[in-house]
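A, B, C and D label the chains in the order they appear, each numbered from 1.
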Amino acid sequence: MSYNLLMGKKGIIFGALDENSIAWKVAERAYEEKASFILTNTPASLRMGKIYDLSKKTKSIVIPADATSISDIEILFDKALIFFGGKIDFILHSIAMSINIRKKLEYPCINYDFLKKGWDISAVSFHKIMKIAWDKKAINKWGSIVALTYIASKRNFPSYVDMSDYKSYLESIARNFGYFWGIKEKVRVNTVSLSPIYTKAAASISGFKDFLYLSNKLSPLGNASSQDCADYIITLFSDLTRKVTMQNLYNDGGFSKIGINECLISLKD
Amino acid sequence: MSYNLLMGKKGIIFGALDENSIAWKVAERAYEEKASFILTNTPASLRMGKIYDLSKKTKSIVIPADATSISDIEILFDKALIFFGGKIDFILHSIAMSINIRKKLEYPCINYDFLKKGWDISAVSFHKIMKIAWDKKAINKWGSIVALTYIASKRNFPSYVDMSDYKSYLESIARNFGYFWGIKEKVRVNTVSLSPIYTKAAASISGFKDFLYLSNKLSPLGNASSQDCADYIITLFSDLTRKVTMQNLYNDGGFSKIGINECLISLKD
Amino acid sequence: MSYNLLMGKKGIIFGALDENSIAWKVAERAYEEKASFILTNTPASLRMGKIYDLSKKTKSIVIPADATSISDIEILFDKALIFFGGKIDFILHSIAMSINIRKKLEYPCINYDFLKKGWDISAVSFHKIMKIAWDKKAINKWGSIVALTYIASKRNFPSYVDMSDYKSYLESIARNFGYFWGIKEKVRVNTVSLSPIYTKAAASISGFKDFLYLSNKLSPLGNASSQDCADYIITLFSDLTRKVTMQNLYNDGGFSKIGINECLISLKD
Amino acid sequence: MSYNLLMGKKGIIFGALDENSIAWKVAERAYEEKASFILTNTPASLRMGKIYDLSKKTKSIVIPADATSISDIEILFDKALIFFGGKIDFILHSIAMSINIRKKLEYPCINYDFLKKGWDISAVSFHKIMKIAWDKKAINKWGSIVALTYIASKRNFPSYVDMSDYKSYLESIARNFGYFWGIKEKVRVNTVSLSPIYTKAAASISGFKDFLYLSNKLSPLGNASSQDCADYIITLFSDLTRKVTMQNLYNDGGFSKIGINECLISLKD
């Protein structure tokens, strides 16, 4: 199904790895909606994953870039501006990694070197990408920038460990950079707060399957799938949401607004 | 411009009066996106306004109904189910009225009879509409219900007087009824929090033009117009936002996320 | 234990019924902290409850008043001003009632006559009390007004039915009246959002004991008791919190900030 | 004036520099309320500031520690446990520094080495302090940990530059560590969000005086002073707020809840 919502729009999608990636689904849906885009991920991810299958399928090109490296991002944007012969319209940031989670360290016992790395990859990379795009004036008026987040930024989910704090930081970046993009370039910046999704990154979270099950059971509409997520992000890249900016938007089946209900009480019995 | 986003969808739009009404723009955009719908408003509003011009333009029918009257709403839904030969997919609630505002009463001095009336019209009507739709099982799976609100529900805007409290109540209804719609019928319920818009209702607010000017100046992307608002609501009625529910969504040019900035400081000089 | 935190302060406490009432504990603690106050409740509640035991214990007087009746509240404030020989310093609003809950009606099936009554008692009464106090200039500079609320105002708790919406409205009143009290009289207005507490009113909520159990289990510090609640409210009446206003303050053992954790996951097994 | 609210309580206060520091006022008030405590700051700050005047005045000792250094914090807690002959009851974190602000760099142009340093000092230090306290089991049951923050964590204040993001991160740490402290040790963790205050750190923010003026004018009760702030923090260290945890609490004269009002409109004229 296609509505041609992104006809003529060009973008960069960060973070597609394999068909479970949210960025992968966004790329597929953006392609269906007639967008052109560049796929990017770290060289290591490009080797591990199947991104070239995606690029073939979506007639897009792949440019490797480590999103924590200023020079990599600069090269990426330079190439993008040349490739498209002009500015782009949208960016998806779907990048998150916590070594502390992988190493099964609990929140009070995290390692601070891992923390610095995880923060740089999961949060600061979003600032770096926008800074380079800003310096190069790479985004068209009424463009749209989206980063993915999770409600652990607002409430405690112990299994998200330090990722919770990165997501708070990421959402803060969206608000703060969003102000400047808004006043100077009429570009909007938002974060989308998703249901948990079983991606490669999520697989490293201990007890993730229980987590997924509970989240689904407690969400009045069930978990939003990566497909649901992609559909929603398409609307944020389209021209129909031009005045929505600096927001954190829940696409979570209602999970964020539930309290104690029969479903929760029934768990107890 | 049309994406056929609402192809095959049927709905009821409450609250169109004249071409400045937000509901009016939503109707125009919904028509462009290929929806069929019924327009409704109170008999008095139908006489005062130009709704029949809109119904002609959008090939829709008009059914008068006072949204505070259970029997009126029942008749409306009965007729809608017959007219469409089945259930509907979307509802827009764009109804708000405060006699206290019209009478220029300040918040500490409101009249409680006016309050009861304003609350019933502006907030309880939303519950009543959903209750009748619920009882009659009138909404298709994955349907979408939207009510319009303003940030005065969260912060103090003295010129909104008692309307601020109605909007808090309205947003609460969306969350609470949204839970039941979600678990039983897979229907979503959201409120959209808009920039101020110069409608007939707004005209009764004292100092509204200054208000509009300041809001526009302080919003990084400027105020969202009723056109912007209509575009956004189309995405919420479409199949692309199926898992978004029980949310209060700002379409406000970023106003809700600003603090003290140069623009505010410059006012001072 | 006493810190003399309210030495010389005078107030009115609405809503004490029996020793399970939160207002009862607040009165006891306020007395220990050296406040003088008037106890008030409806004539019917005065008959049913044990308020005269409390008044004896706390050397306070009882003045009957229906908090939905403007004339009752006027008489109450007139008497208070005479009794104290001057203005008062604090007010506690601990009033809530839902006939829909008592009648075991679910949220989508509420009765609108009951709704009007419940809204008037549980929410509008707070406005009425402040309006009369405002008109009579009955509150000293740096006075403090507190109303009690519950997190059902922000998220869905189906068993709170229409009380959820009243609490949203109540919190909105606090913000909006708080602005006027602040600028004109240097008086602060806040709501305190509590853990569930097994009061007479709570007893009418279906499944309240399960609810209480779960809330306690999920709150990192356990539920706040009515004693904890009273202690907290004392700080809000004291001179140590003079610049805290228009806030909704959680005294809930951390419940409002939890997501999915081991305790929740363990329920599932 | 003293209520003996902290009689018998022991703590550590981070961040007092001179008599404009918020931590300085907290120390003075804690002393009046009969607490014993250790003052700490970096060796450089100890040289620059007047902390020994404060220690004399409050009969406290000074232990130098760089709050980004694990070994410094370990030594500090070891000494504290010996000095007090047992666990402590409260911690104040009042530490914030942004080189990007000092260097007058705007948000889109920040330097990432400065960022790493600022983040470590202003936010991660709070995690480090709690981690060492956690490992050493240094805090008594029902202890209280407070960090200071600003509303720039939630909305955009361009002059706060990267400090805004640090404060978001800091508040997130409070929530996440607060969960563990709660379930294991019955200790609470909160952040207090203050009015702007003219401290040494604030002096480096460009246009801070205009900022202070506007904030004061727009806050219904005016800005909270450092004295107001200290009073409030005393209540959070006392036994009267035992069930308040994982919260971000505004002590800001109502600033956080204002929208567009006459005062704002009058600026325009």
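Miscellaneous remarks
We take it that a residue touches a chain if its C-beta (ideal position, glycine included) is under 8 Å from a C-beta of that chain, and two chains touch if they have at least 3 such contacts.
Everything quoted here is computed from the prediction, not taken from an experiment.
With contact taken as defined at the outset, subunit A and subunit C are each touched by B, D. In terms of the distance between Cα centroids, subunit B is separated most widely from D. If you compare C-D with B-D, the chain pair joined by more contacting C-beta pairs is C-D.
Note on chain placement: the centre of subunit C and the centre of subunit D lie 30 Å apart, centres being C-alpha means. Chain centres here are Cα means. That of subunit B falls 42 Å from that of subunit D.
Under the contact definition stated at the top, the residues of subunit C that touch 2 or more other chains are 154-156, 158, 175, 178-179, 246, 256-258, 261. Those residues of subunit C that touch subunit D in the shared complex are 3-5, 175, 178-179, 181-183, 186, 188, 195, 219-225, 228, 231-232, 234-235, 238-247, 249-254, 256-258, 261, 263.
The touching residues of subunit B, counted against subunit D in their complex, run 151-152, 154-159, 207, 210-211, 213-215, 218, 256-262, 264-265, 267-268. Residue ranges on subunit C touching subunit B, taken from their complex, read 70, 106-110, 112, 115-116, 119-120, 124, 127-128, 130-131, 134-135, 153-156, 158, 164-165, 167-169, 171-173, 175-180, 246.
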